[in-house]
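What follows is a set of structures to go through.
Heads up, the next two complexes both have chain A, just with different partners, chain B and then chain C.
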Partner chain A sequence: MAFELADILPALPEIILSAVALVLVLVAAYGGDGAANARRVAHLTLAGIVLAAIALLSMTSAQSTAFGGMFRADAFADYMKLLVLMGSFAAVFMSVTPLERDDINKPEFSLLVILALVGMMLMISANDLMSLYMAVELQSLPLYVVAAMRTNSLRSSEAGLKYFLLGALSSGMLLYGASLVYGFAGTTSFAGIAAAVSETDLPAGFIIGMVFMITGIAFKVSAAPFHMWTPDVYEGSPSPVTALFAIAPKVAAIALMLRLTYGAFGSIALEWSQVIMALSVASIVVGALGAIMQKDIKRMMAYSSIAHMGYALAGLAAGTHEGAFGVMIYMTSYVFMGAGTFAIILLMRRDGQSATRIADLRGLSKTQPLFALGLMVMMFSMAGIPPLAGFFGKWYVFLAAVNAGLVPLAVIGVVMSVVGAFYYLRIIKIMYFEDSEAPLDQDVPLANKLVLGVSMAVILLFFAGLNSIMDAANTATMALMAPF
Partner chain B sequence: MIEALFFYLFAGVMLASSVMVVVSRNPVYSVLFLILAFFNAAGLFVLIGAEFLAMLLVVVYVGAVAVLFLFVVMMLDINFAEMRAGFQKYLPLGLIVGGILVFELVVAMYGDAFGGKTAPVVSEIANTTRLGGVLYTKYAFLFQLAGLILLVAMIGAISLTLRKRAGVRRQIIAEQNARRPADVLEVIKVPSGKAPAAANTGKAEE
Partner chain C sequence: MYALIVFLPLVGSILAGLLSLNNQDRPAELVTVTGLLLSLLLSVIAFAEVAIGGTPVTVDIGRWIVSGDFAAQWALRFDTMTAVMLIVVTGVSSMVHIYSVGYMSHDNARARFMSYLSLFTFAMLMLVTADNLVQLFFGWEGVGVASYLLIGFWYKKESAHTAAMKAFVVNRVGDFGFALGILAVYVLFDSVQFDVIFAQSSLIATTNIEFLGQSLPALEVAGILLFIGAMGKSAQLGLHTWLPDAMEGPTPVSALIHAATMVTAGVFMVCRLSPMLEYAPFALDVITIVGAMTAIFAATVGLTQFDIKRVIAYSTCSQLGYMFFAAGVSAYPAAMFHLTTHAFFKALLFLGAGSVIHALSDEQDLRNMGGIWRKIPVTYAMMWIGSLALAGFPFFAGYYSKDMILEAAYAAHSGVGNFAFVMGCLAAFLTAFYSWRLLILAFHGKPRASADVMAHVHESPLVMTFPLLVLAIGAIFSGWLGYELFVGHHWQQFWGDSIFILPTNAALENAHHVPTWVKLLPIGLAASGVAIAVLCYAVFTGLSAKIAALFWPIHLFFFNKWYFDELYDAIFVKPAVRLGHFFWLRGDRDTIDGFGPDGVSALVYRISGACSRIQTGFVFHYAFAMLIGVVVLVSWYVLRFKG
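On to the complex of A and B.
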């Protein structure tokens, strides 16, 4: 068996990123110590991400497979990979200066991010149980390390350790489920698995394996009841790392969930949709109620992201074309809301120290009116107020759920978004109607301003570009549901 | 005939060394007996034609894992006498667990759990060749991915443990080589019958 160029070309963006990562290992090792080298590696990482994005956009989005069917490129993969690339770009871009100010001058940060990015993109393109597992590991391992990046902080080490232990547990579940699925389907390829089972001919062991696999991925998307690690890891990790966690890996994990459920388990939608529904309801409730009492904004964002994943899963539970479409619109708005919100969380510093209590935002409207406005837009969008981006995400997800007959799920979702609106609006109240004792540092890096500006523009003008986004998401959904 | 002889040799030594792993008082001896057991298991694998597994066993278990055990045993200050104190207490539980394992093994061997399947026939092509044939062609993608994951593990381990500590004495070879006798040596003339000057005594002794 010889490899043709056509066998590896669909993976060109990943190959470019891996090559950049390997070069960056050398740059990081021989570029000297200190901030200058960390900054250089970060900039090269950004260049690599842009290069990969160009490669991604310039390639045909027709469905094709690479590496003997283990890797699948199609319009869905392109759409999700673009989101992941944008999220990672924003996270690395706005973390350069904050990391320097926190004295974490390690070139390894960007290096590990780019390797995790390769893992995320391969997750999105996974077309085989083996490539799925390897991609998940490649994505998770660097993230465990960057969570513990601040080695002199007990909280950061604790976050890294917790993330690692629960991540290892979830990988074990994923692997166990995959082995059962393989055992009963007799093949590891998604197409083969989909062909091997049907609603009428379904071994019990296969269902057990499927539930284990979904559980394993639910850990990665931090859906309740597998969310316990999220608040601690978000709070303990350095803020730039939290920004990364909150954006890109979630998109990749949701994409993998879509691939697995619509692809490999596409012929038994009735079975997995109950599981996803339970996850969705639990996440929505836990996320909405858990965030209310939080005093730290990073912890609050953790619960908020749990709730967001719950809403996204509500679309997935529908199991229809409309559902997957809704999930994609939701994840699009989620990436920009996350990037914009964390652009502001990263600038929450007082006297050179990171200050991430919600109370630290008091009086932001007077000291930094533009940022207060930005955070207000993000919070309104997360609460789902029209005509902002977050509203459309929720709209299409709930529409799909109702049309698929999941009315109770949609009702719970709507009620809980009202609860969620409480804590989003509380932040706005704190910024605009309470006076601060000491203002936050005024010295804000340009990168944060840029990321915030772009995110705000996208969220405010989402309705204007809605048609083209919907077209792209529609094509992507068709590609996802297309037979192999 | 000669195969049977080697089988009993390997199996016998392996059993004996496994017993020694458990009963020897010195933990370092335990690890060394463990290595002996691994070697004999590798020999058994060679006898049934699984030479790749035998190589893996030697490279991975003897080369890496057992050496790691030795490091742990020698570096960590563990009081093994204390750990042995609970031996009597945990003996019944250990026997029960061991008994269950033996029972399962017997059931698997004689209860036809494998549906009458026996060990696969050793083919003409050695299994290392077979594995190599698919590992670098059909599974090249996964192979490369595994490589990236190992790279991540290496970078992660280094970046988490390597840190600048103050007051560490490091050997700087370039500086050692650049030392000249004129900078560090002082020749003192000591007139016979007199002690050298008091201020220089310390330096001369260094």
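On to the complex of A and C.
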């Protein structure tokens, strides 16, 4: 097979990021040990992300494949990759100073993030069981490491180890499922799998394989009951790492889920939609109820993200064009809500130490009114209050579910979002109506302010730009559902 | 111009209300008094044109409600009955406005008070000029609100705001009947317009209506329902309990609202509806009996009360009874006549009582008065005039109107008419008795007030005595002036179309031809009532106490107002409170809150706690959960495929 440039060109953003990663290995190794080097690597990483984004936007969004059909580039991939790139950029951008203050700013952090980012983007473009598995592992392995990055902290190490062990288990499930699917379909390409089965001609082993695969990815999405690592890892990891976890990998995992279900299993939507629905309901309930008792804001955000994933999956459970469209709108709002919220969590420090108890937010409205306002906007948006971004995400997801006849799912979703509103509003109450014993540190890095400002602008003005977002999401959905 | 009569007080009220925000008391008094005096002047002109000149006018203001077939206009109807009421309302109201300037001079919310008074006047004028039942209801509720505000004017006083609420709640009962009555009328006539209703009454007379599962004569049902409304507003037996308590309001309020005008709204309504009620003989009988019962009931209670204002309040109640039974025997002109004369002498009595109270440093108990007639001669004279008029002594206002009513009742030659006649005569006797009891206890004998209070006794200022003088003129001459016009042989010429009496109901006509003893009896009874009162309270001062002790069960019964309050408390209030408690504690708190907000949140907390407990931190537990999840999902599919 002769090598042709056209065969790899659609993967240009990933190639750029990989190249940057290789260069950064050298920079990290020979650039000295100090914080200055780490900062340099971080800035180069940001530059690489921007470069990749430019490449992504400048390329045609027409459907094309690379690497012999294993990689698929289309409007859907562009949309989701852009979200992932933005999320990662924000996470790295906000992390530099907090990591320095925690004295754990090592060059490896940015390096690992950029490698994981390549994995996420490959996940989004996966078009074959082989590339799917490779992408998932490429994304996961660096993240196991960064979770344990604070080597002198027991909790951080524990978080990394737990994440790794359970991740390995889920990889096992994913692989086992993939092998079953391959066994029954006789091919690893999504197109081939879709062609091999239909509602009427459906071997039971294939279904079991499908269930295993979905559960494997559900672990990455942190959907209940495969969510249990999430609170521990979110809490144990250093805050900048948690910020990253909360934003980018979720988008990639949901994108992969969409790829797999709409692509490989597109012909048997009736079957997988039941699994997704079960995961969705479990996630929504666990996320809403679990968050109430939490005292640590990172832990609370873990449950919150579980619930958010449940809502996204509710759209997916519809299995329709509308459903995928709703998921995309939802994930768009999710990225900005996550970035904005973590911009504030990262600034929660007292006397130089990170202070992430919810009670630490007391009196924020008096000491730092702008940040309190920002967090209030984020919380209202997460609770789904119109006209903020979070409302539209929920709206389209529930609309799709209801139109697909999944009324009970929508009802559970709406009821639980009321329960969810409780803990979001509680944060607002704590910020505005309770007095602080000791104010949080006032020294806030510029990066956090910028990320928060941009996120707030997007959340508040979401409705104004809704039409263009909807156009893009619509095109992306069409590309997702287009035949091979 | 006619519209101005109604709207000047409203303008005054709004201005005074705005002024009250800055406590601009003097300008507020000026603006309301001026408005009322202008309104009075215009009313006199209107009376001359409409009533004397015989040219009824309707002023159309605009559409109010149009909904499907239903239409209600804003229109002011000026006929003779309205013109009479205009004189009464604006006359008494303007006097009360002036009087209030003096009476309330120590109060610090005078602007608010004047605003309420004018608001009341506007609502009352709206009521009497109504062109349809819905507009009448608007005025009806308007005076209710104003009355509520004024009774509770001293809202910091516990008893005052309780009394205000009582007045409001009891009136709701009557208003419920009234509202049902309006609906019944609308069902029957397809209209609430007076002209339409009156034109068709004779046709509807034989129709039946389904009410409470019974087929009943339609007009009787509508008439009785409307009368229930009148009972509430006019404090007739059964729904009278709010009126004595309403005396908690400032005395000018008692004079204006609870003697002269608002409480007569029920009488006005019954007379206004005469073209309809004439075809509802049973409803008329009910009105007669209730009126007669009220007359005697209130008079007996009035005998025993010690609060000077309550005595007069019961007397009002009793006099309203007279008006109703007059209307009940189809002598509507007589009812309206008594309404007019009563407005003057009762307002006079109340304002006089207010002057007494004012002189005695807010003392209202007759047992703590006495011996002050030399010190406040003007007030004393006024009270005499008022009492003479009330008792019906010849050539005072009450003489003409009350005698006319009694004669009409006698001349009705019906069972209920005779009953009313007997009750009315007895009540006349009692009226004279308690009036002189009041006079003697308040002014004569040895002073029973403390020396401190006695030292302060002083005649009221001119601003208070002037209205008394004006009203006294009315109390002396209104009967003599009005007799021929209102109830003379040519009453029809005066009242025009505003009152309609079937030729068969000729009580009024026959009243002029009753035997002489019927004409003389009330005077004799009144004279003997006075004589006995003088004997009991002035000559043999211990006698009344001995009589009360001798007939102690009856005295106790009267003194406790026939136990109406206690009865209602036991039948309605206590069970309602118990029911409310039940719903509050068992229903709302235990059931709705318990299972609803509290229960759900408790449940959520419990589940949430369970969720946290599952999160043990042990990696094998997490792995186990994942495996369980997979197993459940796979089993689900396997079972489905096998089945």
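Here is the rule we use: the second predicted complex is superposed on the first by the 484 of 484 C-alpha atoms of A that agree within 3 Å, B and C clash if a C-alpha of one lies under 4 Å from a C-alpha of the other, contacts with A are read in each partner's own complex, and residues count from 1 in each chain.
In this text, a residue touches a chain if its C-beta (ideal position, glycine included) is under 8 Å from a C-beta of that chain, and two chains touch if they have at least 3 such contacts.
Everything numeric here is computed off the predicted structure, so don't read it as measured data.
K.L.:
Output check: A:F219 vs chain B and chain C. Expected answer is one of first, second, both, neither. What do you get?
P.N.:
Touch status of A:F219: second partner only.
K.L.:
Touching A:G290 in the superposition: chain B (first), chain C (second), both, neither?
P.N.:
After superposing on A, A:G290 lies in contact with chain C but is clear of chain B.
K.L.:
Between chain B (first) and chain C (second), which does A:A148 come into contact with in this model arrangement: first, second, both, or neither?
P.N.:
first
K.L.:
Let me test your reading of the model: by the given contact rule, A:L169 touches which partner, first (chain B), second (chain C), both or neither?
P.N.:
Touch status of A:L169: second partner only.
K.L.:
Which holds for A:L440: it touches chain B only (first), chain C only (second), both, or neither?
P.N.:
Once the two structures are laid over each other on A, A:L440 reaches no partner at all.
K.L.:
Considering only the touch criterion stated at the top, classify A:V233 as touching first (chain B), second (chain C), both, or neither.
P.N.:
neither
K.L.:
What is the contact status of A:M123 with respect to chain B (first) and chain C (second): first, second, both, or neither?
P.N.:
After superposition on chain A, A:M123 lies in contact with neither partner.
K.L.:
Once the shared chain is lined up, is A:V419 touching chain B (first), chain C (second), both, or neither of them?
P.N.:
The second partner, chain C, only.
K.L.:
Please output the residues of chain A touching chain C within their complex, sorted ascending.
P.N.:
Residues 161-162, 165-166, 169-170, 173, 204, 207-208, 211-212, 215, 219, 224-226, 228-229, 231-232, 271, 274-275, 278, 286, 289-294, 419, 422 of chain A touch chain C in their complex.
K.L.:
Where on chain C does chain A make contact in their complex?
P.N.:
Touching chain A: residues 604-605, 607-609, 611-612, 614-615, 617, 619, 621-623, 625-626, 628-630, 633-634, 636-638, 641 of chain C.
K.L.:
Could you list, by residue number, the parts of chain A that touch chain B in their complex?
P.N.:
Counting only chain A, the residues touching chain B are 1-3, 18, 21-22, 25, 66-68, 70-71, 106, 108, 111-112, 115, 118, 122, 130-131, 134-135, 137-138, 141-142, 144-145, 148-149, 151, 160.
K.L.:
Write out the stretch or stretches of chain B touching chain A in their complex.
P.N.:
Those residues of chain B that touch chain A are 137-142, 145-146, 148-149, 151-153, 155-156, 158-160, 163.
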